[in-house]
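What follows is a pair of complexes built around subunit A, which joins subunit B in one and subunit C in the other.
== the complex of A and B ==
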């Protein structure tokens, strides 16, 4: 058969199955699952071939781990302090005179009650007052190294300035006040946010830039399938990186993980969904990858600065502290810190988990509303 | 060829930021017809095809098949819009799966289309490394995987060498013979001359439409006919820039 005949045969092959609306409808109705699997598989293949992006996604967290692992010291004011045993006007006046402490009105009845308050985060410092009215010892919550370090410095200067005999100070949860113990748990949240948001935003915007989104819009793929299919590989990547950071934090910096790793992973899911949905939202306003990076930075920077991950929430002025309440990282940071250092679980952390679940729902709905399946 | 209209624009209006890209466009393409839309850059060809495909929402008027009929449409946009970091095979597999083809059908169609488009020996090459002509053929192959009865092609041969253009047209003719209704936008008059039905589009308006014979009386070539229509259009009262 010569080439001409061969092409004629192809024509016959092609024309054998003449297009009909019924045939198309049959194909179109065959399964959301197949479409979801197709787009997820495609994303994984593309991710595996995009070595530069993968190197950036994995390399950047490692660099941040090293940088943040050695911590940053900052002066903190407004540290909550609790008087234990009795309300000593002398000690209270001395603490208040410094302006660094916010002395709580509540006076714990016993040291165990004070320890509970420290565990629950109601206070950062508990000063135990003897019957004589003088302090005998001080308990400091070491799970926030910035606050604890500053509290210790202030307490030392307080005792020397007021002539009060130095008291025995017992730092709990992070006795050595190691920056790594404070920073690594926070970093898990920061890295997840960064990787999840950037990867998702770039992934969708790249489709738009390549014009492949236009092609996808012409297929039977539904909005939700496209959204889920796009974010599933990035969810996996983000979780792998979060586990990697946790393991490296444990091995490299000997950060303790006193709570349940399973709960940590479980509570990370609503947080991850929020981060990925923010990435999708960014992709709806960015027209190209450069704009996506700029918008992501604009969105992520306030989260890093105002969430309490780096600086204590108490150090943020009231005027802008309300912004902190809108950020997922504000709720995930106490989860990681308390699971790592205090060994807390769902019983104590459910309010933060509940807020993250609500945020995941809201951000997903917003992303679905703004994610367009048309070009205009 | 049936008289049933498969592609239609009725009083179609579309504007972007106050600039009218399509101005009361009326076109009707019966089933099985090969229709060519010709016009200069900025005439509104891409906007017209995107409105018909439902990728743009019309500001006024109506279209067929539109968004609801997208499962019946194969769309090949201007330029290369496949995944450059996937191989030819992977692109075909992806679009086939998204169109809901089962594994066996997909494998058969993939072999058939790759052979049909002379891409069999390139099936494991990254799509980004193919020549312009091969990329266009891959785009066409992916857009007809689900055997759509309607095919919209937006300047499919722009930037493609003459040999690849000829190859590409062979594929279009095969699809047309198979009964597919095709609307093709092009800036090349020699291409649209091959179509049964030609639409002259200029500044978002239809200057004329009909068969080539109808549009080119007295043996006039298509480009001259188009220019004559443009001149007539320019002296219509009320047109911007009109001077009598």
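== the complex of A and C ==
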């Protein structure tokens, strides 16, 4: 190529560049919207065709709702108990009074016989009654800590049976200690986390696995457009499922929603963004859908166990309590519980909302940093 | 003549592995340029660097006048890319895919998209889900998606792998037509008869550029003549000849032995096949494949 050609080519390049940058400036925003719309539209078509994923995303929360609502009871009734030594109608009546205990074997003749019954699993509690008719000691089968803990709690309030002045216990907000009241609000948070993270991670990794991500990277689409375009449909799906769980909780289990549903929805947004960004982060390390599922489980299990959604935060040892502080669900659980059961609002819950907003920002920035529109 | 692609000592290293080293080449506008080479030669890596999917470890390059590192966005608006791993959404229909890419590129001219579709003979399958199509139809749809925005350059990474001869021909025919309309095509292949349909070729081997030129130039540059042997029984003949000349290859039941230089080996061949029926022994110009094997192996042995 001679010098003249070279110069002509340069001018050509120059004019092309000028016209392009003008065109880019003019169309930048409309272009972004158009591309965003294209991605979102495509995701919705794919979602509508992928019945198995949708069934999983909707079905799994339903199953969980029913298991948590009906099946798993954090309060245990009808614990089997037996009296040892002699019958005491007072103690028996006290045990049976609140349906907490079911007195199966009226009288075992000795303590060793009672121990055998505990070993065989015929009873969970044995109350030893002295000749005076007063209970002297109680044996509890500790092999099921859950039942034992409940039994101990009931027994403590049962001192009246021995003629001592009854200890008055008042349970507030969830007087019946119904597990549904406790579980459904925290389940909303767990389900949103699960659906949001899994759907986003799988949605991106599937494109990587099938090679369509490489093709997308070759188009003028920008990183943020791709991220937002992938996330929007899954946010919609997650919110629909969260609303579904809430409505079913209200209808099936009569869980009270004492606070504002609008605030609940509003505070759910920073939480949702955090969950989806975690999904995007998972997608940056997983090469295929199997790895994505495994990584998501690895990320979600500690969240569910350590966030206080299932087990109280106070039960989590200090050594790993700091992990809890880093998890979005730790802050969303008090929001749902307090809005549902106590009717609190922004005035009381703003610290949690603020932390969630900060987390949403941090997780989004992290996802944007790790999300690459290049292959190397 | 303007230039569509230039590279200067372009290279890519993955860890200690040198995938592409010091490739310097120039592709003219409106040219069908073939990148040929065995699997693992670095063709895809080179293409990915040109398209901005990989950052080069060394060297420089321009595509359509834009720097491949700084102007990735501008390059992407102007090129159509067809990846080796099929890039369309297999759960969407051909039309959904085409519409998606048209939207992404901001194409409002639906008539043009329709014309691309019919040029590739996709009208009949346009409503079908891409995953259910034959490989040929799938590759044609992928090519259509790469063309919806009237790119100035199309980059096709093994567009015809696994495709039946008819579909293969229609793809190459379209590439040729596009070139005559001024669209540059950069195509990788390891199917040699296809390489012969390119205007110019670059032969890559083990990440290095071994030779560039027109198909005819590469064939002459190989300096080969090929002995074509027709003998019976052919299996036995082939076994004997291959023992003496390991580069002997079967074409049907005929045996080709490439030799550098003249026909001095004729006597040796006749000698080797003594006792078998030698029906014919002719000397031929090497095929692209012969030249390819010879050029690739000279480089490898250096």
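As a convention for this text, the second predicted complex is superposed on the first by the 253 of 376 C-alpha atoms of A that agree within 3 Å, B and C clash if a C-alpha of one lies under 4 Å from a C-alpha of the other, contacts with A are read in each partner's own complex, and residues count from 1 in each chain.
As a working rule, a residue touches a chain if its C-beta (ideal position, glycine included) is under 8 Å from a C-beta of that chain, and two chains touch if they have at least 3 such contacts.
These figures come from a predicted structure and were not determined experimentally.
Novice: So in the superposed three-chain picture, is A:46 touching just subunit B, just subunit C, both, or none of them (first/second/both/neither)?
Specialist: In the superposition, A:46 touches subunit B and subunit C alike.
Novice: Could you tell me if A:211 is touching subunit B, subunit C, both of them or neither one (first, second, both, neither)?
Specialist: Both partners.
Novice: Is A:35 in contact with subunit B, with subunit C, with both, or with neither (first, second, both, neither)?
Specialist: In the superposition, A:35 contacts both subunit B and subunit C.
Novice: Which partner does A:220 reach: the first (subunit B), the second (subunit C), both, or neither?
Specialist: both
Novice: Of the residues on subunit A, which ones does subunit B touch that subunit C also touches?
Specialist: Residues 13, 17, 20, 27, 31, 34-35, 37-39, 41-42, 45-46, 49-50, 210-212, 214-221, 374-376, which sit in both footprints.
Novice: So in the complex, which bits of subunit B are touching subunit A?
Specialist: 16, 50, 53-57, 67, 70-75, 77, 79-86, 90, 93-95, 97-102, 112, 115-116, 142-143, 146-149, 170, 174-175, 177-180
Novice: Which residues of subunit C touch subunit A in their complex?
Specialist: Counting only subunit C, the residues touching subunit A are 1-3, 14, 48, 51-55, 65, 73-74, 76-77, 79, 81, 83, 85-92, 96, 100-101, 103-106, 145.
Novice: Per the contact definition, I'd like the list of subunit A residues that touch subunit C in the complex.
Specialist: 1, 5, 9, 12-13, 16-17, 20, 27, 31, 34-35, 37-39, 41-42, 45-46, 49-50, 210-212, 214-222, 374-376
Novice: Sort out for me which residues of subunit A touch subunit B in the complex.
Specialist: 7, 10-11, 13-15, 17-21, 23-25, 27-31, 34-35, 37-39, 41-42, 45-46, 49-50, 210-212, 214-221, 374-376
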